[in-house]
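Both complexes below contain chain A, partnered by chain B and then by chain C.
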Partner chain A sequence: MASNSFLKRIDLARLIIAEFFVFLCITAVALRLNLAELITSSLSRIGMWSVLVLAMLPAIVSGIGPNFGVSLGIICGLLGGLTALELAYRLDEIVQFSPGILFLMAILFSLPFALLVGVGYGWLLNRVKGSEMMIATYVGFSIVSIMKLAWVFLPFTNPEMAWPIGRGVRVQVALGNRGLAQLLNNFLAIRIGEVVIPTGLLLSGALCALLVWFFMRSQTGMAMAAAGSNPRFAQAAGISVDRQRIIGTVLSTVLGAVGILIYSQSYGFLQLYEGPMFMPFVAVAAILIGGASVSKANITHVVVGTILFLGIQVVAVPVANAFTADWSSMGEISRKIIQNGVILYALTQAGGE
Partner chain B sequence: MGAAPILRMRGISKSFHGTQVLHDVNLEIMPGEIHGIVGENGAGKSTLMNILFGMDVIHSTGGYEGSLEIAGKPVDIKSPLQAMEHGIGMVHQEFMLLPSYSVAENIKLNREVLKPNLVSRLFGSGLQSLDYERMYRDARRALGRLNVGIDEFAPIAGLPVGYMQFTEIARELDKENLRILVFDEPTAVLGESEAAHLLKAIQEIAAEGIAVLFITHRLSEIMEVCHNITVLRDGRVVATRKKNETNVLELAELMVGRSMQFNTNSKRQVQRGKPILEVKDFKVDMPGEQVRSVDLTVYQGEILGIGGLAGQGKIGIANGIMGLFPASGEVKINGEPLELNSSQAAIAAGLAFVSEDRRGVGLLLDASIELNIASGAMFGHGKFLKTWGPFSQTDRRAIRENALKYIKQLGVRCTGPTQKVRQLSGGNQQKVCIARALTMNPKILLVSEPTRGIDVGAKQVVLDLLRELNEELGMTIVVTSSELAELRSICSRIAIITDGQVAGILRPDDSDVNFGLLMAGQPIEKGA
Partner chain C sequence: MQSKTTVLRESFVPRSIESIKQFLVSNMVTIMFVILSVLGYKVSGMTPFLFFMDITARISRNAFLVLALIIPVMAGMGLNFSIVLGAMAAQAVVIFVTHWGIGGLPGIVLAVALVTPLAALLGFLTGTLFNRTKGQEMIAGLILGYFAQGVYELIFLQLVGSLIPMSNPRLIMGSGVGVRTTIDLTGGLKYGLDWPGQYWGNDLLLRPTLPWTALGLSVLLALVLLAYQLRAEKRKRWSIPRMVASMVGIVVIAAWSIVQIRSNSQINWIRVPLLTWLVIGAACVGLHFFSKTKLGQDMRSVGQNRHVAAVAGIDVNRVRIKAIILSMVMAAWGHIIFLQNLGTFSTYGSHEQVGLYSAAALLIGGATVAKASIKHAVLGTILFHTLFIVAPAAGRQLFGDAQIGEYFRVFVAYGVIGITLAMHAWKHVLQSRSDAKPSGTEH
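Here is the complex of A and B:
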């Protein structure tokens, strides 16, 4: 009995992945790879993804499951970013925005999109109870495809983002010109030897996590958790389950929008078109690796999952390359195997309780 | 009647996980006999039938003791398929029919009449075609034996329930070796004329020499068609009677009568206050527990019991008032009309509900004890929160203090207030449910099946607790329970619900006969 509950708490899959991470780190040391560079890029990748992974939390807690459709939120964030850039361009003659203000404007402009889309998306998910994950995945795929058309026709005029010939937005919009690239990463960045700690980036992730943590302890947050873990209980307690699920979806979408802006500033570009297509899967895999299931999650799962999964991503590539010098996609392949394997594993555990 | 019984069950005993549900049951049925089996819920009727059909629940829990004989030969039935081979048929309570298939196809399902064709000659008999002509002829013949004018070509979907029931019976009759046919509450879903027709059909089936086992709550039907009647109570045969040697009154008394002792609290029914909860023409659409039209008044400071057999609608009343299932009609609390179909409104009006579905509706199993206890007041009344404008945070300290108070007061056995409710025993979970309701400081406490699934010692504790709340705090309590004895031990009045209506309101010290009659849907004769 005791060993049984011990196994349950550790969970075999998590154990294997944690061991794999440790193995990679040891190998990296043994191969005399550039550790400072590995640590630096791990930290920045963890920070980049932190809010996108956090976006999974309200979705799982409110009962809709891991938000495979967080691409909706990502697109809202991209729209907010483009709008901010466009506005800055049009007002260039009158006023120059500082990068910080511009970044806040991007977040601000993305919010109305995210709220609106979140409510509609939540309403949709309330009509398909029981198959949210499947529907969410396809909503995500469809919207990315629809947006591929939209990016071409949206009336943006800023030459920094338009195709040089004709209309439409480019595949990647550089953020460097207006000082947005690495904005948070460089804020209060600490340099220890060759290791750079992207303090601002990590702090903004932590701030979002703290806000969500506070929210989960509020009356609405408690009601949302009740609605997610036992809808019939929630109904009997006078909670509107559908409303809580919509709140959860909206929150997830908003975090997705904020998350992509944080991600993009670190990356240095807004990635449009195919960009958001497979991002939800990384976020889903990360929170699941952290110990969440499709119906249960908390902040610890977000933190542990982000560190483990994105840490592996960073370390695996050079390690794999060291062994298979002429097969450079090995790192990417192992990332895909882990990502999809973990999602598959979590789905098979879904009804297991 | 032949001399040898077609079915003989001897000394049948069965226990599930240490709980004895059948004690030494004996049953004999002659060919052509209609044998009635009556008993309250939990008397052991369905377990007995499961043994007869070799159902898996029996064999996976260690089998049974005693012996079965069919036509004088001892048999050991290990699966429903074997039961069928022995000529035992069953008409189910829930219809086992495929809606898009025709009546005839349903009757012949998996026993289709086949004829070879070119393809089947080449590739094996699995590809033979159906001989529809003969299938329809067989179906027609089986339906003819029931004297019903059902079109054998019609699809099942859209037929009235009565016809579905007859289709089920026809399917059994069509099996050529059928010797014993079991009807499990066949009239439960039927209207009056359909029920009458069915009873006639049962008599005709028996006249062909088939033995019929007829299980029902409706004593009048039993008296109408059965030759012999066996009364089960608490897993024992309390009596076997010939029809002409008994009457409805005696059967009702045999069915309900308890050897178990209980103290009625008749002394307290004098303190009746003003009406606090009035229910008029109340209907609740709760599957399996339909409330058709209930009028009921609850008085301040009383414990009202709601009793009756399963499926009659007693469970639906509290669930309907609490807005958990669609309801219509009129509900007043302290004279104020209550908004129906809204849990929020019911909670705001000062109601608290301890659900019969403790683990499904009553608790957040993976949350802590303290959170479960606080949750009702937190979500319903906004308690246990610190608020700053639109922002709120849970007040952990208040939640902890409240939980500790109730853990002590109700004697919840746990490792501490943060233990998960899932890990508690049924009785302690029930205490958490009650603590949760009490934390809401209700005007009226609705409690459904307070002792279901908890052990004997804990049962008494829970009942005593309800009585104390009523006596010491003057709390008005409405208890719904299948256990009549427990209602009689704590309630001041008991409403018996039959067929979705109040059949009558009795005092706890009324006679067993009266309780039995009301539960069986019979009017009480004056002076009985």
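Here is the complex of A and C:
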């Protein structure tokens, strides 16, 4: 029994991916690539994505499946970020916000958007049970594309985010001007030789994970898990399944909003327009690589998946380039193949209707 | 007497209002887009010449691809987003045919001959995958498209020139590895089907002007309608109002054509790629008769209810795979038509939006995830591409920025798919709930 469940947990697809990662790492060592640089960028990339991958967890646990529409949360986060920047600009004469306060303000402003959107989105997903993944994907695509119009028309006046000529917000809004870029990355950063550990970034990811972990153990968290894993039984036990699914969706959306702000401060820019379009697929693939399925997930899957998938993305490019300069696109190609291959594999494992 | 008229009025008036209401509700999406297209055209300030030239080209380019989506809908597999794979197969074959330097109509024939087995194989594999993801075919097809994009890039960006020997300065990048990002088909497959005569030095062969084509089409349509009305069983015949409305529409088009022909307007400069239109027409007729064959009927039964079909002795999985193979092959042919009309294409991008735009067009024509016909495909292609043409110009007129119109049309494509999918899923949930209620058990 024990070996059987072990085999089931670590199935072939994950084994191949884990081996691929080990192979890449060994090759990187053998090729004498700059390991310090690889580790540094791996760590920051893993930290950047951690909360976005974490956002998949409540969605899967509550039964709506991997949140292909986490771009909704991402957009709420971006709105929060822009609002904070706008407010800081308007109040420039009166008060100067420190970067830390500004970052907290961005999170705070994104929360009402995320709560509202999450409830509406959860309501919709309750009406389309059985097709959540496809609907979520297209709701995400639709909202991202209508937001392209919104970015043009929203009345932001801060010159740091507007185009110098023409109308609308820039494609990328720089965060460096107000000291937001790498704010968390540099917080308590530890330097060991040439390796830089972005302590603040990793800590904030860990803090979010811890909060979610505590939530899962609370009464609501337990009810949510019950609603997700066996809706009929949960309903019979007096749990409102639809309500729990909405809670899961809201939590996922909020984590998406916080996640994109953590991502953006590390990246140094808020990416608008096309930016959020395909981000959900990366997060979905990461948690699936970590061992989750479309209906089961836990924190370990988030951690393992983020490290494996984002690690591969960082290491693959220099390794491929070391072989031949003509293989410069290999990093991006391997990401596409692994990311979508894993999602497809998980869909076949779900077994359909 | 008086009582009779009141009875008549009572039975007649509410029913007609009811039926109009029903017509409006069930065709809401299409009607909305007709209004949107007309408004967009008015606002855009485009000349009729530019508009008709563009729409003629876009119909020839895209209609076949939209038709490729019909069969999987029949088989209950929803919108087949995996037609992107068929498009990739078409591009692969077009690259090789261009490499061999075969152009014109012979090049098209060769490309079609080569792409058919390749697309059939891809269709078989995709169908097998869909049989393992029943109920989630659409998301699986979408993700499969992204996956295949990675494999396609691996082959054409990295392996061609390094592992697969190929040297052709027109096609291969300067470094010797990878196919160029844009491929020019001029002097090759460009207009191979649209201008079949160019190969033999007769540019105008099979390229009548738009008014003459419209006139011919309306006469043909009128004859077909009349023949149908005379020969069909009584209960299948069209009702008088429907018939009259259609005939009025046909006469209006014919009259417009005659006015254009007699004037010296620029519209007479627009030429229709007749061979391409004939191919599209043949596909429509073929699909119509296919749905009446044994396989077509089997697909319908599978689409209505897999379990009932299985009990009736239909090999459900086999039928589903056949549906995807047919769709994939049609998509590959359709994309060859698309590429030869475009004349130059982006090696790593031209296939990306094929699924999105074709699905959006089909839905705008009034199809749903569970019901799609040739009528939906043709009407949808015209409406969607009208919007596509006028949106940037309308954006420039209204907001001084064509980009806004472009954002809008992309939103429309995604939005219409999202809304239709959600409505369908909602209806499905309600239906299964009401099915479950009378028996008192949930299944």
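Note that in this section the second predicted complex is superposed on the first by the 344 of 353 C-alpha atoms of A that agree within 3 Å, B and C clash if a C-alpha of one lies under 4 Å from a C-alpha of the other, contacts with A are read in each partner's own complex, and residues count from 1 in each chain.
The rule is short, and it goes like this: a residue touches a chain if its C-beta (ideal position, glycine included) is under 8 Å from a C-beta of that chain, and two chains touch if they have at least 3 such contacts.
Bear in mind the structure is a predicted one, so any value in this text is a computation, not a measurement.
*Asks:* Once chain A of both complexes is superposed, is A:167 in touch with chain B (first), chain C (second), both, or neither?
*Replies:* A:167 contacts chain C only, not chain B.
*Asks:* Which partner does A:154 reach: the first (chain B), the second (chain C), both, or neither?
*Replies:* A:154 sits against neither chain B nor chain C.
*Asks:* Count the residues of chain A touched by chain B and by chain C, then name the partner with the higher count.
*Replies:* Looking at chain B versus chain C, the one contacting more residues of chain A is C.
*Asks:* Looking at the overlay, what does A:344 touch: chain B (first), chain C (second), both, or neither?
*Replies:* second
*Asks:* Of the two partner chains, chain B (first) and chain C (second), which one does A:218 touch, if any: first, second, both, or neither?
*Replies:* Touch partner of A:218: chain B, not chain C.
*Asks:* Just checking: does A:232 make contact with chain B only, chain C only, both, or neither of them? Give me first, second, both or neither.
*Replies:* In the superposition, A:232 contacts both chain B and chain C.
*Asks:* Need the overlap of the two footprints on chain A, from chain B and from chain C, as residue ranges.
*Replies:* Shared contact residues on chain A: 232.
*Asks:* Under the touch definition given earlier, write down the residues of chain C that touch chain A in their complex.
*Replies:* 129, 132-136, 138-140, 142-144, 146-147, 149-151, 153-154, 157-158, 161-162, 175-178, 401, 403-404, 407-408, 410-411, 414-415, 417-419, 421-422, 425-426, 428-429, 442
*Asks:* What does chain B use to touch chain A in their complex?
*Replies:* For chain B paired with chain A, touching residues are 322, 324, 342-344, 346-348, 353, 355, 357, 360-367, 375-376, 378-380, 382, 385, 391-394.
*Asks:* Can you list the chain A residues touching chain B in their complex?
*Replies:* 214, 217-220, 222-223, 226, 229-230, 232-239, 296
*Asks:* Enumerate the contact residues on chain A facing chain C in the complex.
*Replies:* Going through chain A, the ones touching chain C are 68, 124, 127-131, 133-135, 137-139, 141-142, 145-146, 148-149, 152, 166-167, 232, 281, 324, 326-327, 329-330, 332-337, 339-341, 343-344, 347-348, 350-353.
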